[in-house]
Amino acid sequence: MNILKKIQLPTGILTWITLIAGVWLVFNVPDDFQQGGAVKILYIHVPSAKMALLSYLVVTVASILHLWKRSETADILAEAATSVGAAFTAMTLASGSIWGKPMWGTWWAWDARLTSMLVLLILFKGLMVLRHSLDDPVKGARATAILAIIGAVDLPIIHYSVVWWRTLHQPPSLSAGSNAGIHIAGPLLTPLLILTVAFMLLTLYMTTVKARQIEARRRLDALETARMHADE
Amino acid sequence: MTPHPPSSDPSPVVVLENAQHRYGRHQVLQGIDLTVSPGECAVLYGANGSGKSTLLALLSTRYTLREGRYLLDGIDVRQEPHEARARLLFIGHHTHLYGHLTPLENLQFFTSLRTIPTTDQQLRHVINTVGLNKAVDKPVQWFSAGMRKRLALARLLLAHPKLLLLDEPYSALDTQGVGWLNAMLTTFLHNGGSLIMASHDPERVAALPHRPWQLARGRLHPISNAQESEAC
Amino acid sequence: MTPHPPSSDPSPVVVLENAQHRYGRHQVLQGIDLTVSPGECAVLYGANGSGKSTLLALLSTRYTLREGRYLLDGIDVRQEPHEARARLLFIGHHTHLYGHLTPLENLQFFTSLRTIPTTDQQLRHVINTVGLNKAVDKPVQWFSAGMRKRLALARLLLAHPKLLLLDEPYSALDTQGVGWLNAMLTTFLHNGGSLIMASHDPERVAALPHRPWQLARGRLHPISNAQESEAC
Amino acid sequence: MLIQAIYRIAWKDVVGDLRRRATLSSMLFFAISVLVVFQAAFEPDRQEALRLLPGLLWATTLFTTLVGLGRVFQAEEEDGAFEGLLLASVPRGVIFFGKWLGNLLLTLLVELLILPLILVLFNVDAWKHVPAILAILALGTLGLTGLGTLLAAMTRGARSRETLLALLLLPLTAPMLIAGVQAIAGILQADGIVAPWIKLLTIFDLVYLALAPWAFGWLVEE
Amino acid sequence: MLIQAIYRIAWKDVVGDLRRRATLSSMLFFAISVLVVFQAAFEPDRQEALRLLPGLLWATTLFTTLVGLGRVFQAEEEDGAFEGLLLASVPRGVIFFGKWLGNLLLTLLVELLILPLILVLFNVDAWKHVPAILAILALGTLGLTGLGTLLAAMTRGARSRETLLALLLLPLTAPMLIAGVQAIAGILQADGIVAPWIKLLTIFDLVYLALAPWAFGWLVEE
């Protein structure tokens, strides 16, 4: 946990620098001929979507570690990444909806990617609720870890949904070899890459802060019980 | 083992006449007569399954009396069960506690439902008295058997019933708990309360002035203190 | 109150070394050492909430031992909990009974899960022995407290464990039940079984040859038979 | 006095729940997953969605209520807590209304949140009818939760309880459901008939809420 | 030996239930009332009913399973019965499969009975596809009940348990639901695609039934 304390400030600073740089670039890039001003949402939407998926991946890995090694650190990491991931998932859904209105003429459509992303949000919620519904925190942590691992089947579904099904949603455009859909051209690509890095740093920063918070709260609870059972 | 003088108090707290109870077709109690005066303690002995808990359930109004007469403090319980309930307190095999609430919250709920005016400080004091001060903020579901029993019995210090009904109050209590309970009950009787309890433990009851009864084959008989140890 | 001679049997049934248990961060047991030889009965005394039931849960493999060593009949329980379970029988505060099944069905389920070969006639005989012949076809949910306890204890006559763990076995039993239980336990010990029980009732334990222990502040100490009545 | 007791009982259930923050939001997310299931199962197109909207709303409300009913007496199951409640000297009706109030509040909150969501997710343009729809939902919910609370009390300690509860609730609420669906459908159509259905809903409410406390008193008697 | 233990545990749950005749019939009637609710809520015409059939079947199965999950560990809750089961010297996986088997059998029976009912009630002419539809339902039910049993074990003793169970089960089964609906829809159409959906269902079954006993072992450890 010490390492978290050390990296918190530097990541915070780096996050701000890249964020500001990215945003500056975004407002100095010509509007897309086809999409108009609305394209700027891309710079929030795409990075938050990636970070949502990344966070769930972190939760899964941390859950496996928690079960395997009985590591409490892994459990704290899983809990922290769950809140962060839920926030990014909500952000993806919100930004996607806002973007969808001008692009598709509707806030929402039940296409595979959108639906599976909604399922991811419900899953995150389930993880958060389950942990606190079981009164024994040890059991809560273990049940949550198992649920997270089972829920991980949703990740490939989200990612490959645009390939497996004919969807309204944009197929992958950053990956090499894709030739369908709109390609994100050079001048648009640079700020997107910078912002993706910025969001990655932001995720790291938020997870760090959250993890330290959780750790502190658990330690406080421990002190509380210790106080209660002192002297006996 | 102070034998209680046969009392002929003019206004008994409990008058039960010709009471009976059936579970389906199984007649558990028949022709039960029981009179208890203020300050008197009646102890019910009887083999397992003889109907002690059933009799207490009848007295507590938990089961409705189908035949016979039951006067509590002059009130006809069959007519006004509601009035009767305000005058009695029953602590049975079960503790009537909410597992997800702390001792303090459990007692708060208890007093507020019965509109007993108390302050949190008083409640804390009561919790201290029964030796649960260290667990005052711990949800009750994590209590040991004896701790639950102690908390259940703590209600005795809050409600001031005319009639107290206890089902095996000594079970699960340690020596200190038994001493504390007997002290509390002595005060209660001294202040004119009436007590009816079921027990298998004549050694522990011995510290209280009491009148023993035996339940057998559905009928209730007074017995002498000398017969106690065989009756239970 | 026959004091048990300090035994130095070469192959003890239970060897517990430096055992400990925590609920969350609340350390209930620490550095517990306990050795029990065949034919020996160890009685655990201690105040309410001192950790007797917790220690029994550890010994029963219900809770997993995190630190220390636990050998049962030569088997390392941490390695082979499964093997250990086949050698012990635990009857705790709870009766482990299914309310919707009759006594006979409950015992059938018990024996079939443990693959103890029995006939219905034998089971009926056992039910008679514990005095439940009249209730043999009645679903257990309608039993009185003492009748449930009797049925729970009847398992003792079916399983032939090396180690028997009992948590307050005398509670809810009437005098006849206590006599019957003590007779049964004496036979069990005589046949070389080992018994560990928690109790608050030195008067009733006195009928068995036993060695008393006290649990206080999370530690287990041997005490003399003279100290028993203060220890519980 | 009695009001205070009702409040205390509801408080123990609802506020106690809300304080732990789990219940309301998990009911909401449950309702969302019911929507996902409907979509996955029926895949209505836009035209169909408008027609199915009233049914969707009521079916979601119904399942949310149903799934929430187990909770109503859950806390009372442990260690004779319900017995303790019955032995307090409050009339049985008060206990019933305390339990009902807690249940009602949660269900209403969920409805309030789920309606706009449905409109967005199924792409239905009925925003100007939202207040009227909510009013009808609330009207139906009064009776629905009243009946539900009674049934939850009735099936306390029963085996296969959830199934039984569902089995009893669904047919009994079918008439309310039809009335509710028709009332909302009436509102969504320009020339729809609404008034008689609302009258019907009101009658159901009154009957259930008048009968329930009395029936409850009978149920807990032993 | 182990098989026998699985059978004994399932026996205690199912046969014990069936003998008292309550569970199966109440599950069946519950399924019927779900159908009534669907009918009241959506009022599909005959043409629509054919299109909605796969969804109707799966939604009914899903809700029936969901409502039945509370039952799976209900008998174990009382008086430490589950603890007793864990202390018997059978591997944890056996206990899981015992519980699962009981659950599976009941759900399959209900499906078997409900399918002809749906065809009659909604007046759909698909009798010649009955065996194929049943096979697909059964395939999906394997994984569904496996996952459900695991979640029921996971939420033992949780607060607001039914809501939680529903909240966890529905999103996790959404992919299976889609696959199941599409497979049956494929069968009903002359030139429908079925094979890939069946493959998907099988994969889900295998994954859930391989993970579940192992996860169960973790869950009951203390």
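In order of appearance the chains are A, B, C, D and E, and numbering begins at 1 in each one.
Methods note: contacts are C-beta pairs under 8 Å (C-beta built on N, C-alpha and C of every residue); 3 or more make two chains touch, one makes a residue touch a chain.
Predicted model only: the values in this text are computed from it and were never measured.
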With over half of the numbers shared counting as same, classify the chain B/chain C interface as same or different.
same
By the contact definition above, name the pair with the higher C-beta contact count: A-D or A-E.
A-E
Take the average of all CA coordinates in chain B, do the same for chain C, and state the distance between these two points in whole angstrom.
30
Here the gap between chain A and chain E, centre to centre from mean Cα coordinates and rounded to Å, is 32
Roughly how many whole angstrom separate the Cα centroids of chain A and chain C?
51
Separation of chain B from chain E, taking each centre as the mean of its C-alpha atoms, in whole Å
47
List, in ascending order, every residue of chain E touching at least 2 other chains.
20, 75, 159-161, 164, 167, 170-171, 174, 221-222
Can you list the chain B residues in contact with two or more other chains?
93, 99-100, 135, 141-142
Enumerate the residues of chain A that touch no fewer than two other chains.
115, 119, 122, 125-126, 129, 133, 135, 138, 228-229, 232
Which chains touch which?
A-B, A-C, A-D, A-E, B-C, B-D, C-E, D-E
Can you tell me which positions in chain B touch chain C when the two form their complex?
23, 46-49, 53, 93, 131, 135, 142-147, 149-150, 168, 171-177, 200, 203, 229-230, 232
Spell out the residues on chain B that touch chain A in their complex, using ranges where they run on.
99-100, 134-139, 141-142
Mind pulling up the chain D residues that touch chain B in the complex?
1, 4-5, 8-9, 12, 16, 75, 78-81, 83-91, 221-222
Tell me, which parts of chain A touch chain B in their complex?
135, 224, 228-229, 232
Which of the residues in chain E come into contact with chain D in the complex?
17, 20, 22-23, 26-27, 29-30, 33-34, 36-38, 40-43, 52, 54-56, 58-59, 62-63, 66-71, 74-75, 159-164, 166-167, 170-171, 174, 177-178, 181
